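Below are two complexes that have chain A in common, paired first with chain B and then with chain C.
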Partner chain A sequence: MGVSITKIELTNYRQYKKVTIDFERNINSHLHILKAKNGTGKTTFINAITWCLYGEEKYLADSENALNLPNEKTVENTNENGNVIVTVRITMKDDDTNQVIVITREHKYKVNFNIISKNKKTMFEQEKFNIAITNLSNNTNSSIIDNVGECNQVVDTYFNRSIFDYYFFDGENLKNYFTKSKAETIQTSIFNISQVTLLENTKERTNSLAVKKSRELNRKKPSETNYFEEKITLEKDIKARDEANKKLESDINKYIEKKVKADEILNNYTPIKVQQQRKLDLEKNLKKNDEALVVLRNNQYSFIHDYMILLRFYPRIKKTYDMICYKEEHNELPPNINKKEIREIIDNHLENCPVCNSEIDDKAIKYLQDLLESTSVSTGTSHQLMKIKSSLEIMINQVSKFEKEKENLFNTEKFLKIERKEVEEELNGIHSYLSNYSTDSLEKDIAQAEKDSKYYDDKIQEARTTISQNIAFNKKDRDRLNDVEKKLKKEEETKNAKDELSVQVALLRRVTTAYENIKQRIMLVVKDEIEKSTWRMFDAMIWKKHTFKSLSINDKYEISVLNMNNKEMIGSLSATEYMALAYSFTLAIHEASGKNCPLVIDSPLGRVSDENREKMATELLKVSKEKQIIMLFTPDEYSSEVKNVYEDTAASIIELCLSEDESEVEGV
Partner chain B sequence: MSISKKITDEITNLNENDELKKLLLELLNIEDKGNHRNNQLFENEIKEHIKKTGGAK
Partner chain C sequence: MTNRDRIYFPRKYKQFNKALSDHDIKTLGLDNLSNLELFKLAVAYGLDDPTDFDSAKEGLFLLKDLKTTYDQSLLNIVKLGTAKNNDEIDDYCNLELNYDEAERCACTGFGKLKDLVESNTDEELLIKKMFRELETLYLTNVKL
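Up next is the complex of A and B:
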């Protein structure tokens, strides 16, 4: 069946002090009629519904100069500083979801006393808005929604606020239903209720994501460096150097072997070389010995020459010397004095001795005078003898050294001869040893061995240097290879990310296209449905059968009604035709929304002439078999023609009456 | 609000594989819930779909 209002409870809402109206369908229809005289509270009843749903009294003539919301009588009966609670609660049943939805809006007011006007006034304090949803299928507890946004969302699901007047229909004000500004609102609302807007928003989101991902993809540029080629080159170089080093290690072993052989040869020749060197040293020693012997021979000649004369005259020299010594010992020789000098000291009375500078006193003068008198012999002979004595002493001393010098010379000669003999013997031995080897071959072999040893030594050094260089290069290259491999890994990650992004972009574009196609299809289908449905109902409601040919709705949801000559008639429609069109279009929109929601109509047939009133009432009755319709009539409007149609078929007919003091709706 | 039958019918009739149809419905449901993290949720769904299907049609 769809959605229906099962109960509306009004508490302290304007003239509805405490009213509850139930709307239960009967077997014939889901049509409910509320009859009330003008001013009783028909429009207030619709306002109570819109206030509950939207928080606004949509049909209030002048909200600024209207009475306050709380029921006047209740306010009067409330003490000062007391509270008045205004509540409207709508209970609905959704057959599609098998849910009961209870929408409650409540305003709390504080009552004050105005001293000047001597009246009680109310002051708004607090609003409560909540929706309780009970799922009848699983018997679970009600879920309460008290968030305003979520509550509004639920309300819009059933009674989209932007097209509220297509749910709460004002039969007296039909001109607004087909204005251009209205068309735009209708289009927006239809898109909302048929979820075209949802499709568009989803499409926009997938599209913007595709654009974002595509930009992200374009930012991921491929690397300009060919790391893969560099990696291959590095690996090749490293491998080549490793292999070269292996070969060099092997070469080094070979060179070591060859060097060992060359060194062995050199080691074998070492004693010969030592002997050769020894031979040279000995030959030098022999030469020195020869020179020393020549010097010795000369010394010997000089010795013989010197001592031959001295030794020949030695006896005479000795005798002369002894004799002089004897004379000297026996004072037979005059003193060696200078008479002339003594005389001069005496004659001149010199104070100091010219020889020893000692003081010459009278005693010294006396001694000198005595010495002159006692010295009778000439001192010249004595002086000569002393001279000879000296020379003789030298000669005698020289002769005394003869034996020692002779022995020294003999010893030197003996030493040199022994030394010469030893050197000659050793040289003979070396000559004998070396005579076993050919000199030419020996020199050649040693030279070759030395050359080989040096050559292989150089080769080993060279190979080791190359190995070290290769190791150093490989270390550098391995570090670089490590970096390159990291970069390659990063590149691979980037490539994978790019691939993933590409797939995402492709998918998002595919999804965007799908949504666009679905949206276009839905828009077309919905418009087509509304168009067909509007025409079907309009054609059924209108008594003229030869005037109207067709009805069309453009993409902007502007309606055209064409006559049989295909001429536009929308501006020329009568009030009845206009109302029929409004009903048809409204019901078509209800159909398109996918929710079969109630339709509340104030003055449903007010603008319809008598002859069409019955026909239209009948058509609305047909609609009410599948859809809940609540109609609000004045007694005049609820004419006999209408009564005939609805009296036995309507699910409920309720008459609203005011109390005697006209302060509240009393009879229901 | 649940996705209307018209839309689910259109999606069902699309010449696409079942996984993509599920994805189309799922994204609509996310958008319908009006979550401020929609972009992130969309991306998650897209990635999940690619993971399941490999991204191929």
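Up next is the complex of A and C:
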């Protein structure tokens, strides 16, 4: 059957002080009729519903100047600072989900006293909005939704707020139903209802995801460095060095073998070699001996030269030295006096001194004679003698060393000659020993063996150095290889991620396209369905069977009605036709929504002439067999024709009337 | 004062002296001696038998090369070493006189050295002979 309102409870809501209306279907229909005179509260009743669902009184004529929401009488009866709570609760049953949904909106007001107007005034304090959902299938406890957003979502599932007036239909305001702005709202709402918006959102989300991934893909540029080539080169180098090292190890073993052989030859020749070495040493000693003999010879020459002079001169040396010493001892070496001049002064009886020109008397002559007596040599001679004395001492001293020096020379000569003799004898012995061997081949063999030993030793060292270098290079290259492999792995991961991203991007693009196609298809199907349903119901409601040929809805959900001559009729429709079209379109939208929700109509037949009322009432009755319809009539509108149709078939007929003081609705 | 600036030797020994300085003669290492050293040796050889130059003379070395007191003293006593009294001492202290006497001694000495070199072909024997001569001189001139 779909969705139906089973009960509406109004407390302190404007003139509805405390009203509960049950809407239970009967066997014939789910049509409910509320009858009330103008001003009783029909529109307020619809407003109460929209207020409960949307928090707005959608059909309030002048919201700015309207009375406050709380019931006036209740407010009057409430003490100052007391609270008035306005509540509208709608209980619905969803047959498809087998759930009971109770939507409650509650406003709490505080009552104050206005001194100026001497009236009580209400101050809004708090709103409560919640939905209780009870699943009848499994008898579980009700779940309460008190989050406003989630509550609005549940409400929109049944009564989409964008097209609220297609659920709460105002028969007096038909002119608004097919305006352009309305068409756009309808389109949006239908898209919402038919999940096209969801698809569009999903498509947009998928598309933006594809764009994002595509950008991410573009950012993942391939590395400019060719790590793979470097890896190959490094591996090749490492392998080459490893192989070279193996070969070098093998070579080292060969070199060692050859060196051992060479060393064996050398070992075998050791005694001979020792002799050869001894021979060389002796020859060296002999050479040194020769050099010493040369030095000795020179020393002998120097000795001969020096002493030949000294010894030959010795008598003169000694005599002169002794004479000087004697004269020194006897103070015969005078001060600075020239004996010759003094003698000339005495001999020539000079009157004046040739030096100072002073007179020379007998006393002076006597003094000079005494001086001459005491002075054996002249001053110059004395000076000369003193000068050579030290040299003469050196000469005498040197002569005293003659025998010792001569002895030294003899001993040295003797020693050198003995040494020479011994060396020569030993050399002769070695020559005799070595003469037993072929010197040429021996020396050649030893030289070759020594050469080989050194050569292979060098080779071994060289090979070991190369091996060490190769190991060092390989270590460095292996470290680099590890780095390169890590980078390659990272690149591989990047590439895989890139491939994965490519796949994702392609998939997302395909999905986006698919969503777009599905959306287009759904839109088309939904539109077609609405178009067909609207035409079917419009055709059934309209008594004219030869005027209208077809009805179409464009992509923007603008309705077009064509006559038999294919001319547009939408602007020329009568009020009845317009209402029929509105009902048809409304019901078609209801069908398309997938949820068979109730339809609440204020003045459902107000614009329909008597002749057509019955027909339209009948059509709506038919609809009410499958769909809950709540109609609000004025007594005039609920004419006898209508009454004839509904009196026995309507599920409930309720008459609303005001209390005597017209402050509250009564009679429910 | 003397005007002498050098020591002379007889020209007739010039060839001999040249052979020594050219190392053509190596006997007794005479070739390695300077002209002063050779002169001193020649003076020593002719000390007791001075002779006048019988031919022209040649300069042997400059007196300014006579730098050491030792050498000066040695040449000073050629004549001084023979002085018998104080007067002679004064006279024989004359350097010129001593140089003249030394040249005369060398004149004889050069001849003796030349003979010595030319008459001995065996160096070993000559050395031994020289040592013996030195021992004799030591005995006669020093010990006795």
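We take it that the second predicted complex is superposed on the first by the 509 of 668 C-alpha atoms of A that agree within 3 Å, B and C clash if a C-alpha of one lies under 4 Å from a C-alpha of the other, contacts with A are read in each partner's own complex, and residues count from 1 in each chain.
Rule of thumb we're sticking to: a contact is a pair of C-beta atoms (placed from the backbone, for glycine too) under 8 Å apart; a residue touches a chain by one contact, two chains touch by 3 or more.
Just so it is clear, the model here is predicted, and its values are computed rather than measured.
Colleague: Between chain B (first) and chain C (second), which, if any, makes contact with A:Y433: first, second, both or neither?
Modeller: In the superposed model, A:Y433 contacts neither chain B nor chain C.
Colleague: Which partner chains sit in contact with A:Y54 here, chain B, chain C, both or neither? Use first/second/both/neither.
Modeller: neither
Colleague: Scan A:N201 for contacts with chain B and chain C and give back first, second, both or neither.
Modeller: Once the two structures are laid over each other on A, A:N201 reaches chain B alone.
Colleague: Can A:E500 be said to touch chain B (first), chain C (second), both, or neither?
Modeller: first
Colleague: On the A-aligned overlay, A:N298 touches which partner chain: chain B = first, chain C = second, or both, or neither?
Modeller: second
Colleague: Once the structures are superposed on A, label A:L209 by its partner contacts, choosing first (chain B), second (chain C), both or neither.
Modeller: first
Colleague: For A:W543, is the partner it touches chain B (first), chain C (second), both, or none of the two (neither)?
Modeller: So A:W543 meets neither chain B nor chain C here.
Colleague: Looking only at contacts as defined up top, I'd like to know whether chain B or chain C touches more of chain A.
Modeller: The partner making contact with more of chain A's residues is C.
Colleague: Which chain A residues contact chain B in one complex and chain C in the other?
Modeller: No residue sits in both footprints.
Colleague: Under the definition above, what is the set of chain A residues touching chain C in their complex?
Modeller: Counting only chain A, the residues touching chain C are 297-298, 300-305, 307-309, 311-317, 319-320, 323, 339, 376-378, 380-381, 384-385, 387-388, 390-392, 394-395, 399, 402-403, 406.
Colleague: What part of chain A is in contact with chain B in the complex they form?
Modeller: That would be residues 153, 157, 194-195, 198-199, 201-202, 205-206, 209, 500, 503-504, 506-508, 510-511, 514-515, 517-518, 521-522, 525-526, 594 of chain A.
Colleague: If we count contacts the way the header does, which residues on chain C are in touch with chain A in the complex?
Modeller: 28-29, 32-33, 37, 40-41, 43-45, 47-48, 69-70, 72-74, 76-78, 80-83, 86, 89-90, 93, 127, 130-131, 133-135, 137-138, 141-142
Colleague: So in the complex, which bits of chain B are touching chain A?
Modeller: Residue list for chain B touching chain A: 1, 3-7, 10-11, 14, 16, 20, 23-24, 27-28, 31-32, 34, 38-39, 42-43, 46-47, 49-50, 55, 57.
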